[in-house]
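Should a chain be cited, it is by its letter among A, B, C and D, assigned in written order, with residues numbered from 1 in that chain.
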Amino acid sequence: MITSAMIFGLCGAAVIGIGLYGFVIHRNLLRRVLAFNVIGSGIFLLFGAMGYRSPILGADPVPQALIITGIVVALSATALAVALVVAYARATGQSTLPEDGAEHKTEDKADER
Amino acid sequence: MSEMLPLLIFLSAFLPAIITFFLPQPAYGWRNGLNLGGATLALALVVYMLWSVSNGAIYETRFNLVPGLYFLLRVDELSLLFMTLSVSLWFITTLYAIAYFGTKPNLSRFFGFFSLCIAATIGIALSGTLITFFIFFEMLTLSTWPLVVHKQNKESLAAGLSYLRYALPGSVALLVAIVWLNSAIGPIEFSQPVNLQALDDTSLRIIFALFIMGLGVKAALIPLHGWLPRAMAAPAPVSSLLHAVAVVKAGAFGIIRVVHDVFGVNLMVELGVGLILALLASATIIWGSIRALQQEEIKKRLAFSTVSQVSYIVLGVALAGPYAAIGALAHLVHQGLMKITLFFCAGIYAERAEIIRIDALNGIGTRMPWTSVSFTLGAIGMIGLPPMAGFISKYYLGLGALEAGQSWVIAILAISTLLNAAYFLPMIYRIWFLDAPKASSVPEISTLKHPLSEGSLTLVGPAVVTAFAALAVGLFAGAPTSPLSWATLIVERNDTP
Amino acid sequence: MKSESVTQAKKQPDMIEPLFDLILSALILATALAAVTGRQVFRSVIFFIVYGVLIAMAWLRLGALDVALVEAAIGAGLTGVLLLGALGRLKHLGQISATSLSIWFRVAMAFSAAGVSLGISWAFITLPEPVGLQAAVNTQLTIAGVENPVTAVLLNFRAWDTLLESVVLLVALIGVWSLAQNEDWGMRAGLTTHSPSDEVLTSFAQILPPVGLLVGVYLVWAGSSQPGGAFQGGTVLAAMALLIVMAGLMAPPRVGSTAVRLIVVLGPAVFLAVALTGALSGQFLTLPPAMAKALILGIELFLMLSIAATLMLLVLGPPESKAKQ
Amino acid sequence: MNGELALVLVATLPLVGALLTVLFGLRGGFIALAVAASISIALFVLILDVAQGGVIEIAVGGWEAPLGITLRADGLALAFLTMSALVMVAVILFAQGGFAPRTIAGKMVEKRASYAFWPLALLLWAALNAIFLSRDLFNIYVGLEMLTLAAMALVAIGGKAESIAAAMRCMMFALLGSLLYLLGVSLLYAAHGTLDIDQIFARTTTANADFVAAGLITAGLLLKTALFPFHAWLPPAHSNAPAPASAMLSALVPKASFYILLRFWFEAVPDLANQAVMWFLGGLGALAILFGSLMALRQMRLKLIIAYSTVAQIGYLFLVFPLAGGDYSAQPWATNAWSAASFHAISHGLAKAAMFLCAGLWIVAVGHDRLDGMKGLAQAMPMTTFAFVLAAMTLIGLPPSGGFTAKYLMLSAAFSAGDIIWVVILVAGGLLSAAYLYRPIAFVFERKALQTTVFVSHRLQAIPLILALAATLLGLASNIPFELLQIGRPFASSGEME
């Protein structure tokens, strides 16, 4: 018999995958931040579902509390990340970072400076 | 008291070093007083310990670090031999250095690191365990570097780099060897008999090789000697004390420790590494002399002569017999006295008459008699003519070779003596028997910095003192207080437990 | 809510509920996919907001009303606003470059992401018998000071988490502020615009504040017994305040003003004070059962204010004068 | 003041200070100093109590795990707390001048950086202490997030385009890392109904979830620790921040996530630690050592050399897993290897902070950190040069220094275990670090008359020197910290090696 917990747990797992995919394929920083939030809510959904598996005991309040904490933390991170994206765009006119491993480039720049 | 004594003698060099770093350049009085005071105190302590140790006393200081890692400072006959040499020469060299530098810049840095080197040398002499030895060995490596690069020009920096290029891999080899032994059989104390049964012959051979690699760099065994001649970029006092005595001897001393107190001569022979070491030393002796022959600068020639001479000690150890050992230990002191004399003189020539190259020595004898006499004595000693100290050590080495049935060593000794003569006699000849060239290639007497004097007493005095000391230890080798007697005492106490 | 969850658990799930759950999950996945892979960023953000609402519904189905509230308010609401705002600014500043990654890379990534999902699902399905803390929480509820187990966990059992979490918000705020231009320091938070305030918004904004305050306080109060609490209340308040600011009825607060900083700090400060008094009297963060309810309510009220202010300032972003656009 | 109170104060005082600095923007430096002083006192009391009475543990709010959160001060925690305290005190002293409010016409005016720096620094400290003391995996997550956000803000505080880009880059890694960690923790809770490290250790069953969780947690923490090959973000981030920020970022931040890994693998799930996993972690560490060192050799800017050396030095930490983890945890040498990791972490923390502060001073003096432009600095600033050389000795692992102690312990463990590969790695790493640290030293030693040197006060120059001396002292008096570390040691290995 399939319970809501089972369904939403698997759904959460799938969402995590989707989010991860988005996180790695996008260079656009805003999209990465968005993907990060998708992953996050997927994890929370899975966490909640795992705390709701027991038909006798009902929902476990501890994961719920942890998830609320997690959501707020995620929002804080998102806010800072978004602010960074904007500041970065203001400073460079870019909304994507140079390719990874490009720190060598920045070094060279630094050498010239 | 007897627990603190080893620590005290170490501190007598270490504390002046630390304080000196914080002295401003103009504080000449303080700086000189501090270093001479430290040297005097150390000297007094050494004399006291010589007396009491010869009566069988033993001093120990130990404190723990992490498990398997503890400091042990221990005074025994061997450590005293090395310590006496370094401390007394430290005193003399400090006098020389004060006169030599006068008011040159960065004196606090120089004297600070100089005394630090001595502290490290004393520590090496006192080390009672391999790891303690290693720690002081590294301390010596590092505190020598600022002295090598003291002039801070391209040349000295290059010298410093090549020095570290040799020294650091060496110390890594040493560390690996030590940790390997410790993790196999626990921490090793020189005073305790070491049981190496836990290790098979192959690993023992590897460990021995690692030890020789690590120590051979400092002892300037070929092919690890490359740094020494370049390090002559350092100022004269450094070349005199450190590169003629402290550093190279630290390597030789380490080899003595490893062979006698870790492996034991018998095991070394069983493993068949003794002969290899002897061959290596002989090769170094010959090669060093040949290279010395090719040099045109005084200090470079002396440096290569050091390369060759230090290997006498290694050779003596490798021959694994009491006579050879005595010769080696005696030579540790003899060579130190003679070589420091030569470097003192080279320094004076360079400072007072701007003489760097050998061909500029012509006729200097009449102008700088004291210096030249000292130089000559040192040179003759190096060649090993009786009754100079050098002869004594070579004589015992020869006996040892015959005793060990390695008669080929005699040939080596003969050849090297000839080579020594070949590169020292011409210098002596130039000094005394050639007229000063009228050409402007060398400065006229009028252009000498101090037309009438060869420099202050504290500059020339040390050279004269060491020269005659070298003569004395040869003349009175039989005396109960001579290095030779002490060396004999060491060998007797070690080999007949 | 405990009771309600139990009743839920009691009645056997008929065919409708799983069906509903399945449809909801399908929608969630679809919107998530759309939000992640959509062509334009704007659409993605819209999809993300929808996705957030759907997730909130899922939380209702999982008997987590508190989480549902928070998710709706923060997960969907504020995050969405943040992203939209940033999008507007980026449009203003520079181009939004589209991804230009090789199809093979994307395929590979897709497969590996799917692998992760499968791995997690495997772990999830093969989980041992559920061992929750429901029992433990319920037995302690009597001395925890509040009837709502979630609030009890947040404000009492795991208060240290919550204290740190309220500080995390502060960290983010300081971080956001520190991204201002030097010359803008101390000015009003956010991009100072002079948007023509349209009547609807304005009228809304005039009615809403009292309502918002009411709702917020109620949520805190309710949080002690029913779903609700400081975070939910704070979000509602923050939303109201934002609305007012956007409507131009009230200028955004100055980053430099002491009042703002005081409000922002108040909640964590009170929380910390309570914690330390506990420590001095023996145990750190202990709420004596007698006063537990009062203390929790007090902490929550101040927390709500601070959270509201912080959230609003976070959404407004660092001070930025229009001059440099 | 009893131990428990001291523990609470160590955990909360940074928070108090942070809140105060948020309120009083102009007094940040002073508040930070006061807080640093009081934390140091509390920490000192705590250390004394633990040294006498053993591990101190408190259940927050009187709620025992699994319902509540446990804070514990054992040897390992104290070691890391002390390191952070030393570094933070130094940084706070050092930053007094640089992050002071501007004074215009006699009245002080708040500046952006000088306002934001102090709360961020104290919050960073608060996060570190919270992590080091916590026994609850989720509580650690909150602390970790706090740490990350504060660190990112500090990376970007310079305001330059490079620093913002650098912050953005690590933000991406860090966000992903914390999500993976959170996922792992939630799986563990679902499987065992607890978040407490000791209760997870004491669990009776092993679910498939445990393996997935362990993988996720490790991956997440590796991202945050910047272990090769996840290091890309570290050098730009650490080299573009202002010197005091760089010191905190490089000396402390990666240590926190490593610390959690250490706790996790040795105290929560040692039963899952099979040789393969341990060797994998060690292998990554080895690669980090080699790669980081080679990159450091190629740099021409001092701060980048120091940053890449962090990449390399982090690698050493991970050698603890193959040397003390898995099947070896019962071996006699495990204790030494495990302690070696802490010794290395701490001495590296002190030395690295000293180096970045030295770099900062030199930059003040000559206005940049290009090697070729730093000739003659040994002349102008001997004290700083000496401090830098001392710190370099620790990083290279030359005696007497904490770095040497760590290296000795690791080497002896590697020999006892008979895994010569780690010996080779350690030796090679030591020589490489000597090579890349010699370059800047040689440059500053070269004699050259500096025309445009800003005078740097000796009080400022003394700060890095003291840090470097502390790193050296850690080697000279290594028995005290070693004994302290053994208090509440995770695994009971069969005694020390003799």
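Basically, contacts are C-beta pairs under 8 Å (C-beta built on N, C-alpha and C of every residue); 3 or more make two chains touch, one makes a residue touch a chain.
These numbers come from a predicted model, not from an experiment.
*Asks:* Looking at mean CA positions, which chain is nearest the middle of everything shown?
*Replies:* Ranked by how close its C-alpha centre lies to the overall one, first comes D.
*Asks:* Which of the chain pairs holds the record for C-beta pairs in contact?
*Replies:* The chain pair sharing the largest number of C-beta contacts is A-C.
*Asks:* From the centre of chain C, which other chain's Cα mean sits the farthest off?
*Replies:* In terms of C-alpha centroids, the chain at the greatest distance from chain C is B.
*Asks:* Roughly how far is chain A from chain D, centre to centre by C-alpha average, rounded to an integer in Å?
*Replies:* 26
*Asks:* State, to the nearest whole Å, the distance from the C-alpha centre of chain B to the C-alpha centre of chain D.
*Replies:* Comparing mean C-alpha positions, chain D is 43 Å from chain B.
*Asks:* Averaging only over C-alpha atoms, locate the centres of chain A and chain B and give their separation in whole Å.
*Replies:* Taking the average C-alpha coordinate of chain A and of chain B, the gap between them is 66 Å.
*Asks:* Roughly how many whole angstrom separate the Cα centroids of chain B and chain C?
*Replies:* Computed from C-alpha means, the inter-chain centre distance equals 74 Å.
*Asks:* Got the chain C residues that touch at least 2 other chains?
*Replies:* Chain C, residues with two or more chain partners: 120, 124, 127, 130, 132-133, 137, 157-158, 161, 165, 168, 171-172, 175, 179.
*Asks:* Two-or-more-chain contact residues of chain D, please, as numbers and ranges.
*Replies:* Residues 67, 138, 142, 145, 149, 152-153, 156, 164, 183, 187, 190 of chain D touch two or more partner chains.
*Asks:* Return the residues of chain B touching two or more other chains; collapse runs of consecutive numbers into ranges.
*Replies:* none
*Asks:* Could you classify the connectivity of these chains, where an edge means two chains touch, as line, ring, star, complete or other?
*Replies:* other
*Asks:* Touching pairs of chains, all of them, please.
*Replies:* After working through each pair, the chains in contact turn out to be A-C, A-D, B-D, C-D.
*Asks:* Can you check the complex and tell me which residues of chain C touch chain D?
*Replies:* Of all residues in chain C, those touching chain D are 119-120, 122-124, 126-128, 130-133, 136-137, 140, 156-161, 163-165, 167-168, 170-172, 174-175, 177-182, 185-186, 256, 258, 261-262, 264-265, 268-269, 272, 275-276, 278-280, 283-287.
*Asks:* Chain C touches which residues of chain A in the complex?
*Replies:* Spelled out, the residues of chain A in touch with chain C are 1-11, 13-22, 24-28, 30-31, 33-35, 37-38, 41-42, 44-46, 48-69, 71-80, 82-87, 89-90, 92-96.
*Asks:* Per the contact definition, I'd like the list of chain B residues that touch chain D in the complex.
*Replies:* Going by the criterion above, the answer is residues 21, 64-69, 109, 131, 134-135, 138-139, 142, 149, 151-154, 157, 160-161, 164, 168-169, 171-172, 175-176, 179-180, 182-184, 186-187.
*Asks:* Can you list the chain D residues touching chain A in their complex?
*Replies:* 67, 138, 141-142, 145, 148-149, 152-153, 156, 160-162, 164-169, 171-172, 175-176, 178-179, 182-183, 186-187, 189-190, 232-233, 235-236, 239-240, 299-301, 304, 368, 370
*Asks:* Which of the residues in chain C end up touching chain A in this complex?
*Replies:* For this pair, the touching residues of chain C are 2, 5-6, 8-9, 13, 17-18, 21-22, 25, 28-29, 32-33, 35-37, 41, 44-45, 48, 51-52, 55, 58-59, 61-64, 66-67, 70-71, 74-75, 78-79, 82-83, 85-87, 89-90, 93-101, 105-106, 109-110, 113-114, 116-118, 120-121, 124-125, 127, 130, 132-135, 137, 149-150, 152-154, 157-158, 161-162, 165, 168-169, 171-173, 175-176, 179, 229, 231, 307, 311, 314-315, 317-318, 324.
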